[in-house]
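Across the two complexes that follow, subunit A remains constant while its partner is subunit B and subsequently subunit C.
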Partner chain A sequence: MKLMTLIRKECIEDIFSSRGAALYLVGCGVLSVFSLLLVSNTELSLLDNAQAVYMMAGIIMSLALLISVIRGSDGFAGERDRETLELLLITPVSAVDIGIAKLMGTFVSWLIIFLLSIPYLWAVGSTGQNLWPAFIYIFIAGSFLVLIFGGFMLGLSARMKTFKEVLSIGLTLFLLSASPVILGPSLRQSGIGRLIDHVNPFGSALNMIDSVVVDSQNISFQLPHLATLTICTIFALCFLYATTRRVEL
Partner chain B sequence: MKKSFFPDLIFITAIILLFPAHCPAAGNGSVHVNLQRPAGTLTMGDTPVFSGTVTNMGTKTSQGLVVYLSLVSLKTGKEHPVDLEDWSAQKAVRINRLAPGETNRQEWSMRLIQAGRFGIALTVVDPLENRPIISDLVHFDVQQKATVSSARILPVAAGEPLLLIVIFALFQWRRIRSRRE
Partner chain C sequence: MTVYPSDIYGFLGPNGSGKTTTLRILCGILLPDRGEVSVLGQNPASQRGLLRQRINILPESHGFYGWMLAGEYLRFFGRLYGLNLTDTDCRMHLQQVGLDSADRRPIRTFSRGMKQRVGIARALLNDPEILFLDEPTNGLDPKGRRDIHDLLLSLNREKGMTIIISTHILDDVERLCNRIAILHDKKIQYEGTLLEEPAEKARTKSGLESTYIACTEKGKQQ
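Let's look at the complex of A and B:
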């Protein structure tokens, strides 16, 4: 019951705060700019609808990752910076519960970003194939990414002293994870590139969406990607549990 | 009276074999190359597959043949070669060994990203020959079709951020009002 109250508080704080509003507006702005780019560029406007949905999915996944990194970094280290962590720790809930509540808050933020992205996905992909599977798999992949990166960043945030330190690690991690997308498909064809692609949850999420939306492959092809995402989620949640069992001020 | 097709077929085959210069496939030396376009209308966004054949008409085995596509835009007054990278086409195929009488078939798939009139040809480079062997130019038209429509995107791209601003402004206004009360 106390955990539920804490989750509710975290969600309301995230959604109705000016910080939350700014995040959703930035997310919307990014999606708007990208979709305008699609129609204003002759070559991009000729893309197959499924390809356009896949490109849009990459942006949505990046937003999910960014939310997780920012919210996760702020989780404990932000409270420590604002000198409100002590107040939080003397409440009758354990630090593990606080970690869970903060992760749920991040998850709700992702849900809102996902809901905001639906009209954009419809706008670029309604006349093409696999739009409904795209919705489902983007939601699944994004949820896994939020749990993985949100959990890991919250764990780091519980151990490290300042928000800046955690955020700098988080952004480096974000760049490393997104590098396969930035570098392009040719570099991912090499042995090392393929290995990184399999281990990297962000790469797995994007490959899964590519396989479903562009290549129209069924769920049996998605099992390796889902396995990578599930294993990474378990590791991230275990890390969060281990680091929040004892939080120092 | 029903006419038999068989004598005609023998005649055509004999003509092709005896006078290779008159057949549709271009040739130079012992290797013949031919390219065929898929049937039907081609529209932007389609990924048609062009069929290519390379036949060794000589008596010696050809080795290390390189086969590649060349695309040219035939828009009147603006004719220019087209970079196939944008068309996601396969760059080249290497035929390690082609025995006498043997035919190698390739499928050249590409995504049509531009409307207009185009010409496409298949070139074979034999390392032992001084001249490349080029197929006849295959003409094709690509019909215009925009897949990502601005009529759907513009209202969403402009409307959603505005709607979000209005919703947040309303929430802020309500919050300030309730604090004052």
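Let's look at the complex of A and C:
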């Protein structure tokens, strides 16, 4: 009951707050612009539908990452800034439960973004191949990313003092994670590029979607990517547990 | 520092003397660097879960979930204490602190004094054996302060609730407390009782004031 109460509070706070609404509005704006470009731009409209879906998937994954970083940074540090953390810490609820509830709140935000993105994916990829597998794998990959980055950022925010401090680290992490996209195809083939691609959960998520949607490869090809994502998720959740076992003001 | 059951214990000291830190250590929110703490026979650091069911605190500066209605706020914290409060329960808790018919209003529309009252209502939700109050009359008008004094005195008399008040308002201490400690420079400079004879109360107030000043001046000289 206590955990559900906390999860409910996190969801209401995330969904009905002006900040939450702004995030979804920005998400929809970004998805609208990209899908419009993919459909109407002369050069982009020549892309294969699967390629267009893959590009949209990259945007959706970035949004998942951004939500995790912002919500995760705000988790404990934001409550600390707003002076509401002390009230939660004096209740008989453990800080681990508070952390889990906040992670679930972030996950619900991701679910909303995923649901909002379905019409856009449909618009750019309905006449092409692998749209249904794309839906499934985007959901799986996004969920992993939210647990990894959300868990890690929440762990940091449990230990660091202010939201700004945590957010600055989170945004740096966001840029580092997005480096496979920034590097471009040729640099990704270099030794360092490959290494980053393999250990980076964001890279693994994109490679998995690429493999499913563009190359139409079956699940056996996705196992290494899924393994990377699973290992990173376990690490992130262990980090969250370790940092929230003892939360101080 | 020793507090006995049913005491109203005044914890005095100038700003920065460590009152809030001590209260946070007693509630298990902060860990002590050294020394031993025992609250209701339990260690606040290692037995937090059990202890928090039996105590509560009104922190000095506490934020609110402004989007919540006052009743919803109490229901939320009630659930965290394992209580399933009805609308009637919430109204009753709010009435107890002088907030009649405020349960359907969002907290962000409340004045500072009203928020302080909601905070006190929240701190009383689990019927704590020990209630820690950090500057409880901050932001309250004279009538509000008197109401809170009366509420705390009745809780102490009727339920035997032990109350520990951290403050530097000597009037609050004089009216409420039977025992006090004066903290300065992170050390207890004085611990003792306040006289209860009505005729001596006037002297006590001035006595308390001079004791307080002497203790804090002594700390400065050291």
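Descriptive notes on the structure:
In this text, the second predicted complex is superposed on the first by the 248 of 249 C-alpha atoms of A that agree within 3 Å, B and C clash if a C-alpha of one lies under 4 Å from a C-alpha of the other, contacts with A are read in each partner's own complex, and residues count from 1 in each chain.
The working rule: a residue touches a chain if its C-beta (ideal position, glycine included) is under 8 Å from a C-beta of that chain, and two chains touch if they have at least 3 such contacts.
In this text, all values refer to a predicted model and were calculated from it rather than measured experimentally.
After overlaying the two complexes on the shared chain, residue contacts for A:Phe16 are found with subunit B and with subunit C alike.
Touch criterion met: A:Leu249 reaches subunit C, while subunit B stays clear of it.
By the document's definition of touching, of the two partners only subunit C reaches A:Ser94; subunit B does not. Looking at the shared chain after the overlay, A:Asn49 reaches subunit B, while subunit C stays out of its contact range. Contacts of A:Ser126 after superposition on the shared chain: subunit B is touched, whereas subunit C is not.
When the two structures are aligned on the shared chain, A:Glu86 is found in touch with subunit C, with no touch to subunit B. Legend: residue contacts after superposition of the two complexes on their common chain; A:Leu195 is shown touching neither subunit B nor subunit C.
Contacts of subunit A with subunit B, set against its contacts with subunit C after fitting on chain A, overlap at residues 16. The touching residues of subunit A, when paired with subunit C in their complex, are 1-2, 5-6, 9, 12-13, 16-17, 79, 82-84, 86-94, 246, 248-249. The touching residues of subunit C, counted against subunit A in their complex, run 24, 27, 29-31, 49, 52-53, 56-57, 59, 61-65, 67, 76-77, 79-82, 122. Listing the residues of subunit A that touch subunit B in their complex gives 16, 18, 21, 24-25, 28-29, 31-33, 35-36, 38-39, 43-49, 52, 116, 119-120, 122-124, 126-128.
Residues of subunit B that touch subunit A in their complex: 44-45, 86, 111, 113-114, 145-150, 152-154, 156-158, 160-161, 164-165, 168, 171-172, 175.
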